[in-house]
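Notes for the one structure printed next.
Order as written gives the chain letters A, B, C and D; numbering starts at 1 within each chain.
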């Protein structure tokens, strides 16, 4: 008998939101969750209507997360986990409340709005029995995981260079006031002091960290807000130095016409290079020195990798995309939580981005902001 | 309030099967269905175990489709639709029984094993109140639908050429006897007289028909079984003539090393060409005569097309793939069925492949087999 | 001391011509030729003016090829070779006259307008001491040659499939009368009964033959003239059977909008596939069964191939193109001719397309025309 | 009558050299030059043997450039121009001598080893009647020129971002002592203090300057020598600020496995982006905001640009490459020199990189070196 589905609640993600719907689809794809409760909006009417849209029972459609955590805790069939899909500034209080209530957390990134909050949440998480996952969803792609394995087993040699970029075009022009997605992202009070840097720069940073295994020691950054009047950065240039001597560049932008969601990473060792691009996620390039490049695809027949293969649902040549990678994170968490019901732990835990990743991301944001303000002075992540 | 989910049963798709799991994921992605019953295997033990895997209630885990249709008909909460995901030879009896029981059908392709069966099923379907959908899933891709709209509105001019291909590599070598996927596909008793032709050639044919809007009038074909001892074709070469004077070629193969799932179509009119390839489904190329090629992507901001946009779940640059396209078919059917509950019809019906498509596919298979046996004589689809 | 340059004459290629200029550039690139004489046009004034453009001495600017061959034969420094770059119908008389005068010939393709002429020229060539080269220039690309070597040494196993295509767009619309390039190509009296088939179909056929090493035994063809009033084909569909049991398809068209010069070949054996496309000639794909595809590039450091490496002039990553491949044919011929001065032969001779290739090409054209006229009956190349 | 060919001498480029052969092919492609004299090596025997290889008359095979300039000046048919293809440190003295002798100069890049030399040469060039061209050959590609025109006429709007990169792999490992190409490039005495930066970084800088029309005001750089013991940089990271407020990044490396000759530029304005990559030079991408990307190719039928079209020799779809772009620079210079014979000037002069470009390149090198030494301090190009 398959284990019962995880009972899931959601905070945020009501009508008009974007990432909440993504989390819900991700939770359904492998059928490991059922969404049974929600505090989907800070607006009570929207919360109620949104819950109806989602066929959530009326008595579990809450108008605040505090209420949801309290009431659900009192039920036998109360939620086991909560997905936090609010704007950034709400991540901290909701996650804190959940962890303190012993509810497992699946939190969108960046983990919090400030490094101070992230460090505090780290303490809370380490003292809680609840599990904390951060949806750096790009780590869910099978070939991203395979790339990390290739690096770990030495396929590309000693790493020298990490070139990562994440350009988009969608904020090239001033946004109309009624663009819900844009408005909170450019409001420091809700999104944090970082604009593009926090929204997508953290994904680029996390991907580089995840695949390369290397830690950035210091950054030299130049941030710009190209659109007149925009209160946060919309373009980020960073040079990076890594602890082992590697170097790198990170570019992220939301004012690059023609770039849709151009997350792309290239890592070069002294034996070979690796290239992966999010818009074409079913291929990974291994480029050995003085030999033909190899196009590795999402195949369970030749990838000698449990971690990559477990993220493959359909045969090679049938493209899987963003939602499937996101779903893999959810499914991995489900495996952890189902084991936890029986007091067990599972290996997959180490592949799921958690609070450590969140803290590191905020350290990166903080150092980049500081460097840029100091006329691009090299700034350590751990001063 | 959102409409209640469609109550779905499934025939086939037990442990070890492939396409059943795809249908289940497709049905879940947009949350319009719940799988409540199944006759998942002709082997009762496998049927039971498979139902347990899927958290289907034990009393609704049937060991035959006949039993399922009978028992479910007697329940107030009985299934409204059935997904048929068996090997080809079972499509006909199961679909017939479902339609005659007034249960809506979502059937995998090809619709039946023979043209005779297809024609009989056509009669049954036309006399039934139940809805019949055929999962030619590639028609669910937003850019495939957009391509059809471009053709319809004359963007490429009068169509002259349709070049379609669908090569795979996975049957290049003789298959071990225990490969469940390969074994029924190469058994004429279960798969039909066509091998590769029926398995994937029909997809290529249907895609060409769907996008171009043109009807094939006759075919000139050369079938081959390259692997010694294989009782059905593993490579198909076809020249096509269309009713309006257009011509084309269709190539499909399962012995082409390096080809994963290479469905690709190019259509040329007297003003422009169109190219779409399944392995990179989020782009569509419009190539006007004597002008730069245009790379059209899956974007709700510039595609002036309701039908394309309704299949888009996430922003441009975040790849959607095979499962999402499949899910779109399921979601379209759900919309039809939810309207049907209230005695209504909806426009989307005309975009869903149905029994007509199934019959046309069998006519194509039949004519290709006949042409190849007659030393590639031009053979009409409607003699 | 380097050997003196080959003294070259040219027939055709005056003002307004296309391929003559290509031959001249090709002859200069490696500095093995000097163009010293020409009968550049059948129009005496154009012949004279064209010679002046090219800095050919006035006394060697001839108004007929007969005159050129006679006068040059009488000079100590007379031409050693002639490049024939006229419309197709003149290839035969000029080549015949040259060979009979003992002048080496570099002839554009197709070798003649009819098979009868080709067979007669074959006899003349075999009885002549002069060397005869046919500029099937695509065989000059280093990676085309390397592909042939890979096939020969068994890298792809036993060949089963040869899929070749060569679409263009430039004759999609009726041509204005003053388009010199189009007018002779669509005039059967000058170009032969084949239109697109002779102009570019022969290149596709030759490339397939050159790389695969396989001989076509019979063809099943469907020719079309899509543009109203066009007296020759502008689209060609062919199914092919090879002597060893392989099969294939050939498509060539001049009415395919978006296709510039889309010569592309894919060959599949039972171990691997090979893909090469003329518009991106510096890469060759080896696609082994159940393993990552390999992108082989034009590199002298890892290609273990004398024949490929000799065609490389500049380091990898610096693209070489059409003119360089053409030049390689010229340079190979120069090596033959310089050896011939000393009564020697050189191995490279076997890599240069000659009269045999020309005859085979006309057999292909003839069989394709016959098949198409016989409602696509399978027609042998050697009846 | 065509104008007589330009009489060309060459300094450097003897046996074992690389770029000399490239210059010679480039000079021959359009038949505007004849190579009549050379001081091909500082080693007299090599100089003599190399001249014989090239069929240069023995009396014009010089063992020093001083001798060549003196003797040729005394001949009626003496050289009109000299190609300087030596290692970097010899560019200055040879160019100086040529300019002072009134001989036109075609000089490889970078123009000199130091900024001081470049500034001195600038004065000499401005006082000389001789023409000075710098072979930044990538500016010869038709689509690079077209890109510049598109920028100039506002097709991409106000420029905000310039992202340029030029990675290679060939120096990933320590070079054997006998690699002639590597040895002088890593010897500061011959190549200058910059390694990779001077060798290819200048190309990237020049391309960015050429297409964008923007001037870099200051740089923030981090140079690395990854290979132990290498005395000059093999990897260069630079952030750039432009005079008009644009920003950019430049990455160049010679230790990036899988990168052959990866010069690539992306420029983003507030209306559209442009992308061009040297390894696929026959296409240019225009990416308008919120509209399909356009793939512009090297076509004389739709490019509304005299400057782009003049660099096209063969029809679209027939790839032209590195040598053709290089030849275009040579042909442009020939047009200038042929006009100069008659005391005329021609518009094309403004498209040919000259001493200004050379000085700017050295300013860039100098500022990057200074910034890197100052822990990546922002450093102005014109302090």
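In this section, a contact is a pair of C-beta atoms (placed from the backbone, for glycine too) under 8 Å apart; a residue touches a chain by one contact, two chains touch by 3 or more.
What you see is a predicted model, and the numbers here were worked out from it, not measured in a lab.
Can you spot which of C-D, A-C or B-C is a repeat of the A-B interface, where more than half the contact pairs line up?
Repeated interface of A-B: C-D.
Looking at where chain C touches chain D, is over half of the residue numbers used by both copies, so same, or under half, so different?
Comparing the two copies, chain C and chain D contact each other through largely the same residue numbers, since over half are shared.
Give the label of the chain whose average Cα location is farthest from that of chain C.
A
Between A-D and B-D, which chain pair shares more contacting C-beta pairs?
If we tally the contacting C-beta pairs, A-D comes out ahead.
Averaging over Cα atoms per chain, report the distance between chain A and chain D in Å.
From the centre of chain A to the centre of chain D is 44 Å.
Just the number, please: Cα centre separation of chain C and chain D in whole Å.
35
Averaging only over C-alpha atoms, locate the centres of chain B and chain D and give their separation in whole Å.
Spacing between the chain centres: roughly 55 Å.
Residues touching two or more other chains, restricted to chain A: which are they?
Those would be 259, 290, 293, 297, 299.
For chain A, which residues are in contact with chain B within the complex?
Interface residues on the chain A side: 1-2, 4-5, 18, 21-22, 24-25, 28-31, 52-55, 168, 170, 259-262, 278-282, 297, 299, 313-324.
Quick check on the complex: what are the chain B residues that touch chain D?
It is residues 286, 290-297, 299, 301-302 of chain B that touch chain D.
Flag every residue of chain C that touches chain B in the complex, lowest number first.
Against chain B, the touching part of chain C is residues 156, 160-161, 163, 169, 172-173, 220, 222, 224, 226, 235, 237, 239, 241, 247-249, 251, 253, 255-259, 266, 268-273, 275, 285, 287-290, 293, 375-376, 378.
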